[in-house]
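Got some structures for you, see below.
Shared between the two complexes below is subunit A, which has subunit B as its partner in the first and subunit C in the second.
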Partner chain A sequence: MILLHRLVRLLVVLLVVTFLSYALLGLLPGDPTTQILGLSATEEARAQLRQELGLDQPLLVRYADWLGGLVTGDFGTSYINQVPVAQELAERLPVTLELLVAAQIVALGLAVPVGVAAARRAGGTLDQVLTAMSFALLSTPVFVLGVLLILVFAVTWQVLPATGWTPISVDLGWNITSVLLPAITLGAGQLAVYARLLRTDLIATLQEDYITLARARGLSPRRILWRHALRPSTISLITAVGLNLGALIGGTVIIETLFGLPGIGRLIVDSIFSRDYLTVQGGVVLISVGYVLVNFVVDLVYAAVDPRIRHA
Partner chain B sequence: MRRRLGPGFWIAACWILLVLAGALLADLLPIARYDETLAGPPRSGPSADHPFGTDGLGRDVFSRVVHGSRVSLGVGIGAVLLGLAIGGPLGILAGYRRRATDAIIMAFNDVALAFPSLVFALAVVAFAGASLRNVLIVLGVLGVPAWTRLIRGATLSFADREFVLAARVLGVRDSRILWREIMPNVAVPAASYAFIGMAVVVVAEGSLAFLGLSVQAPTPTWGGLINEGRTLMDDAPHVVLAPSLVMFLTVLSFNLVGDRLRALTDVRHSGLEPVRQAPPAAPAAPVHAVGDSLLQVEDLRTHFVTERGLVKAVDGVSFTLERGRTLAIVGESGSGKSMLIRSILGLLPGSGVDRSGNVYLDGDDLTRRTPEEMRHILGPRLGTVFQDPMTALNPVRTIGAQLAEPLRVHLGMNRKQAREEAARLLAQVGIPDPGRMLGRYPHQLSGGMRQRVTIAMALSCGPDVLFADEPTTALDVTIQDQVLRLLHRLREERHMAVVLVSHDLAVVREWADEVIVMYAGKVVERGPTAEIFGRTRMPYTEALLQAAPRLTDPAHHRLRVIPGRPPDLVDLPSGCAFQPRCAHARDRCVTEAPELLEDGHLYACWYPTGSPISEGAESRGR
Partner chain C sequence: MKRWRRLAALSLASVVLVACSGQRPVAVSEKSSDPTTPVVGGKLVYGLSADAAGFNPVTDQFAAQSYSMATTIIEPLVSVDVNGDWKPYLAESLTPNKKSDEWTITVRSGISFSDGTPLTGEVVKANLEAQKASPLNNAVLAPVSSFELVDPKTVKVKLKQPWVAFPYYLAAQIGMIVPPSSLKDPRGASQKPVGTGPFTFQEYVPDSRFVVAKNANYWRKGLPYLTQIEFRILPDSQTRAQTLEAGQLDAMGTSRDEDITKFGALKDAFTVQRSQGMAVAEYMFMLNTAVKPFDDIRVRRALAHAMDRKAVISTLRGGLTKEADGPWSKDSKWYAEGGGYPEYDLAKATALVKEVEAEKGPIKFEIISTPDPNTMQGIELAQDMWRKAGIEVTIKQADQADLINRAVTGNFAATVWTQFSSPDPDGEYIWMHKGYAGPVGSIALNFTRLKDDKLSQAFDVGRTSPDEATRKQAYATVQQRLRELVPYVFVDHLDTGAVIAKTTVHGIGEHVLPDGEKGLPMTGSPIPYHPFSGVWITQQ
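Entry: the complex of A and B
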């Protein structure tokens, strides 16, 4: 029942999201026909092209048409290079996905030990140092961090490549080296967010009666932290992982441009510059839908973490 | 409570002012023009003439950074004000009106949050034209959902407070309530978020500029400068480092100022372990000889250093307890009962706690044990049950996992043995079908069942003393009796001692052998149960007894209460702590604190009830 309710809600949100991204981009100034035919084209030629592309139809009709295509996986064909948008997105999706997953691994893999260490002695030296560090990390724009990392690891030490991409299918080792710097850059800001959240929640959990009672049973602080306190403290963290995906995807646009990775973010930036509306729309919709779906899944993950929700 | 903003706040604020001044006065400063090529030799490092060096065209990097701050700060301030101007009213409306208004606004908000905002900003700016105005509008509008959410949350939390409800009941107009009651309270979180939002916008503008989609050349922007500098990283890294550093410091300062403002309204501090282990108190000469009692507590004190002053939560408590006996600790809420238990067990919260005195378990002083050594005593020798079974069990672990854990840790059982023992323990505390119960989660159990589980847990390693802190307060009456019977039976079977904290005197009278009455952290009366109930000496104990409703009371009988309020532990009354509320108090009670006197049993009172002095005398001012 709850699942059905959520599914309906999901569909409504998806409908609104796709419409808004279609409508807003469609209403912006700029004319695709200029891009295709050039500035010198005659008005008749433009009108004819508009008709061919269906641009003379009302917005709602065009949206319905486009949405019908979306459902069957047809994102339209780029006006600029005549390649199906779906094909282009599919080619680039794995790069962005790998980058996102790697960044989350970096962020979560470090945030959990850092958050636990800080909460263990709240207000202690380690806590203050870690809090200050995560604060600094939080205040570093992703492109500044990326530039600095390139400067240190690629230019000065020359241990990692500054740009370029090797797919997993070609060489796993090179793939990892090429994703390492981008993933660290993208994950660093999330690391700071996650560590702070986990620290705050852990400190709250550690005030609970069941933690005092665990101490009263003579269990070690290490065991109490990892086995008793960590799991009940992860709800906010899981929420943040879902919600921050938006910020993370925004970050991929910068990261993919900075490190020269052939992903969705780079495709959108390039398409923006070449006024390739359909590709931009396709990219934005893909990202928005992905974001909504991930948060839908996050809701389901709560149940796995907290049995109280599972049995509700 | 006053809290300080700290030096970091002021340093950050000064940096923001400095950057702001630079942005405003950029044209008046004695520096090279930002677009003047060959102001110095190209790609030269920092020097007196060019503090940040020069770029590939010989332009002064310092001048370019200063001019770049105009775009960053201009967009930052403008977009935040725009976001606030739209999101603020929406948030207040949603938070104050609730219902449909709230639902509609928040539904829009959720959808808006689903957009990848940076990607969206990119597209809009690219298609609408990369001008200062467009960037500002786009970033401002993208900030609206966050502002709405924040202001709504702040409004919601205040719309329920007593002073707002009171104003509503009095028929004050909504607009007046909003302006007079809610706005001032929403102002602090809003000011805090304004700075954090500024940081967000500066980064977002930087990102657009970095991609070449903010204000166009020749106007310098920080993001643009960093992008240009990238190509010179090999031989002139200062070109990229200078704007990076300035940008980092500015964003950091905005975040810091916002964070400190937020911390003004946020109070929470603690941890699992004390920040610094308090040095063991100097071995006070044992006033009392250490007897061979099972548990002997000598002059135990627990003081908390708080911002308001020293709180003497436990102040010189002594008692002894033998096997097979039950000691009850009674007193009002806040009299230090629970803190006494925690102090004996060494389970005091984090920092700022000072414990002195001695706790002997079979002659072994527990206050001298390290935390590691205490871990072998807690569980196997001292068991604990808390008041509220709803919060005493970890909600995300099964009963079996929680029950088996101390068995494996302390008794070295393997998984299978521990499971079998756990089932046996559950059966012992009267839980039907223990095997199935092991796989359940706490929320699937009733309160009484949960309390049985926590008792089983406390008993699992066969303790010598069981501490039960109000074990039945949260349960309903029929269950209460079952649980107390269970505790009594287990005490007999296992030949344990029980320390029972309770404010229910009927329970104490029925189950305890000895009673300690606590008031303001001190023992005010102590003795065998029959003595305390039969020959009450301390007026406070008498008041407690009278305040307890009895079944024999006639119907519609007026409930007796203890006059006055429990004392403020930071600012105790002079002399006897109970004297302001005591009907028998006289001058001596105000000037001199009574010691515990022995007369049949121990009591701390100058004019005990039941004595001729008290009965005959005129009480002070009444």
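Entry: the complex of A and C
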């Protein structure tokens, strides 16, 4: 029942989002003919191409055509390079997915120990230092951080590649090195947010009666912290992980450009500039589905973390 | 439990360390004791600023980066030598008739495409016919009436009018020859190009890399020297430069003056080759002479008088470029004085503005700019200069597609513009001739909509006269009229387009054409491109 409910919601979200993006793209001045034919094409050539691509049809007709294709699994063909959109997305998706997962691993992997350490002695020197570092990371634009990391790790120490991408299928080692700097850059801002959230929730949990009881029973502070306080303090963190997906996808556009990664973010931005409507639409569908799915998984994780939600 | 944690940590650390340990293995070239003797072998990793929109010269619009990659595989019928004159490349000869309204192209013998298909007159004819039918080029090839196969090696091009500069067009996309299989499968050719060139296609990952390998059967014996070239698409200029600095690129293209200054100072480690002559594009403000206020020549001249080009160059280009007063730079054989381009003179600008204002009221206009910071900086500088002369300018941001669309349809008053890098002045014919200027709202290639008889007649003479002195005179008239009428407020010659390479990379911009002449070192804008057949590398 929940699944059906979610599926209906997903369909509604998809319809609304894809129609809005189609309409907004339609409002943009210009069309792909200049990009495809160049400056020196004649008016007749442009008109003919517009007709071939169906761009002379009203917006609603074009949207209905595209939607009809989507139902049968046909995302259409890119106006610019004549490659099926599904193929383009399939080639780019692994890069962006790996980058997103790696960024979350970096962010969560560091945020949990940092948040716990800060909450353990709230107001202490370590907490203040970690708080200051979190704010510094939050206020540093990703492109500045990216350039700085490249300067240190690639130019000065020469231990990581500055730019470029090696797929896992080609070489696992080089794949890890090529994703490290982009993932750290993308995950750094999230790390600061997650650490702050966890610290605040953990401090609140540590004031709860059951924690006082656990202390009275003589449990060690470490056991209380990791076993009894951490899990109930992660609800906000889990919510943030789900909601931040949108911000992370936005961030991949900059990261992919900065580090020369062939991902979805770059594809969508390039396609917007070249008015490659169908490729943009394909990307929008993919991101919408991904966003809804991730937040569905987040709901399931809530239930696993907090039995009260499971039994509600 | 602790042991497991330690083991996991150790394994992770080992993976990271192994992954981080040193440079990626690449094919290495032989060591050379003589720095002037080319060595065979090695892989070149070359950074480009953008990807190509496909590699099929018949169906895909080529930008400078497209030429960098595609010309390693697909070769043109004609090339341009160091003096700026056209020379046969895949063609053995190109001969005009007396009136230059017929050109006979004879193809070299013994050349085959990498798929084994021989290069023949019939293949050349099929390519040229496909180009003529392509919507990309049918405006440019409008003077062509037909292509005829004279014999298996010879194609005759019949023109509707004399066209002395026709061979120059065969040095670019129009003259790049692909095998019949590519003409039959244009989509395939767009992703996996095939040609007669020194390299063959190996791998293409869009927005990431384009890899080519040595063509062992290349028709020019002894070439190429490199075993492999990997072009890396790195759109961010800052990180592209850092990648070169980190040693992960051997060479890169750039148009940033800070790169030229920085790497130029490191003479032991890097070489900097800048584009020059006709290959250099001009940075300017393009004015629509068909709309207010630029239908009044006094306003156009006021803008030029108020433009302090030296200030722009010192502010935006670190003082590296030279002031422009027309579409061709002083180091080009086509440059001519005359016409009196409005020099920087704020008093004259203000006087002209006041004169116009007394008749028509305040002068206001909107200028379109792409939103990138470098372009905006230039526009804001100009806005300030024009404001000092009493002209109110508002800036409207538009993305590249919108800006071009507005330019083509005449839906603009002024915009920032970069153009004019054709090897021959005739290359600018369709952009300035009155025959290509249409009313606002219609698509026209003469974006300024300037309809000047003298300028157009001069372009016609330049196109049809075989006598170089007559052509020079004609293009002197073109420059004179542009300076008098000011459809463009010229700022500088953008010769900050450069290729920066490690000192271990040799032969960039030093290629030799098939008949022994020195080739034009580099061409294209804003980042130039060059052939790769004569490039070689040594170990450090």
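General observations
Assume the second predicted complex is superposed on the first by the 278 of 312 C-alpha atoms of A that agree within 3 Å, B and C clash if a C-alpha of one lies under 4 Å from a C-alpha of the other, contacts with A are read in each partner's own complex, and residues count from 1 in each chain.
Going forward, a contact is a pair of C-beta atoms (placed from the backbone, for glycine too) under 8 Å apart; a residue touches a chain by one contact, two chains touch by 3 or more.
Quantities reported herein were computed from a predicted structural model and do not represent experimental measurements.
Using the contact criterion defined above for the overlaid structures, shared-chain residue A:Ser40 touches subunit C, although it does not reach subunit B. In the superposed pair of complexes, A:Ser288 makes contact with subunit B only, with no contact to subunit C. In the superposed pair of complexes, A:Gln158 makes contact with subunit C only, with no contact to subunit B.
In the superposition on chain A, A:Arg266 makes contact with subunit C only, not with subunit B. Look at A:Ser21: by the touch rule set out above, it reaches subunit B but stays clear of subunit C.
Touching more residues of subunit A than its counterpart among subunit B and subunit C is B. By the touch criterion defined above, A:Val305 reaches subunit B but does not reach subunit C. In the superposition on chain A, contact is made by A:Thr257 with both subunit B and subunit C.
Of the two partner chains placed by superposition, subunit B and subunit C are both touched by A:Ile150.
Contacts of A:Gln57 after superposition: neither subunit B nor subunit C is touched.
On subunit A, the surface touched by subunit B in one complex and the surface touched by subunit C in the other have residues 28-30, 147, 150-151, 155, 257-258, 273, 275 in common. Against subunit A, in their complex, subunit C makes its touches with residues 15-16, 18-20, 24, 53-54, 60-61, 135-140, 187, 190-191, 205-209, 232-236, 238-240, 242-243, 245-248, 398-402, 404-408, 430, 442-443, 445. Contacts from subunit A toward subunit C in the complex involve residues 28-32, 34-43, 45-46, 48-49, 80-83, 88, 91-92, 146-147, 150-151, 154-155, 158-165, 172-174, 176-177, 180, 257-262, 266-267, 270, 273-275. Subunit A contributes residues 13, 16-17, 20-21, 24-25, 28-30, 119-124, 127, 135-136, 138-144, 147-148, 150-151, 155, 200, 203-204, 206-221, 223-225, 227-229, 231-232, 243, 246-247, 249-251, 253-254, 257-258, 265, 268-269, 272-273, 275, 280, 283-284, 287-288, 291-292, 295, 305-308, 311 to its touches with subunit B in the complex. The residues of subunit B lying in touch with subunit A in their complex are 110-111, 113-120, 122-124, 126-129, 199, 203, 206-207, 210-211, 213, 223, 226-227, 229-230, 233-234, 237, 240-241, 244, 247-248, 251-252, 254-256, 259, 268-275, 342, 345, 347, 349-351, 374-380, 382-384, 386, 388, 391-397, 405-406, 409-410, 441, 443-444, 454, 457-458, 460-461, 467.
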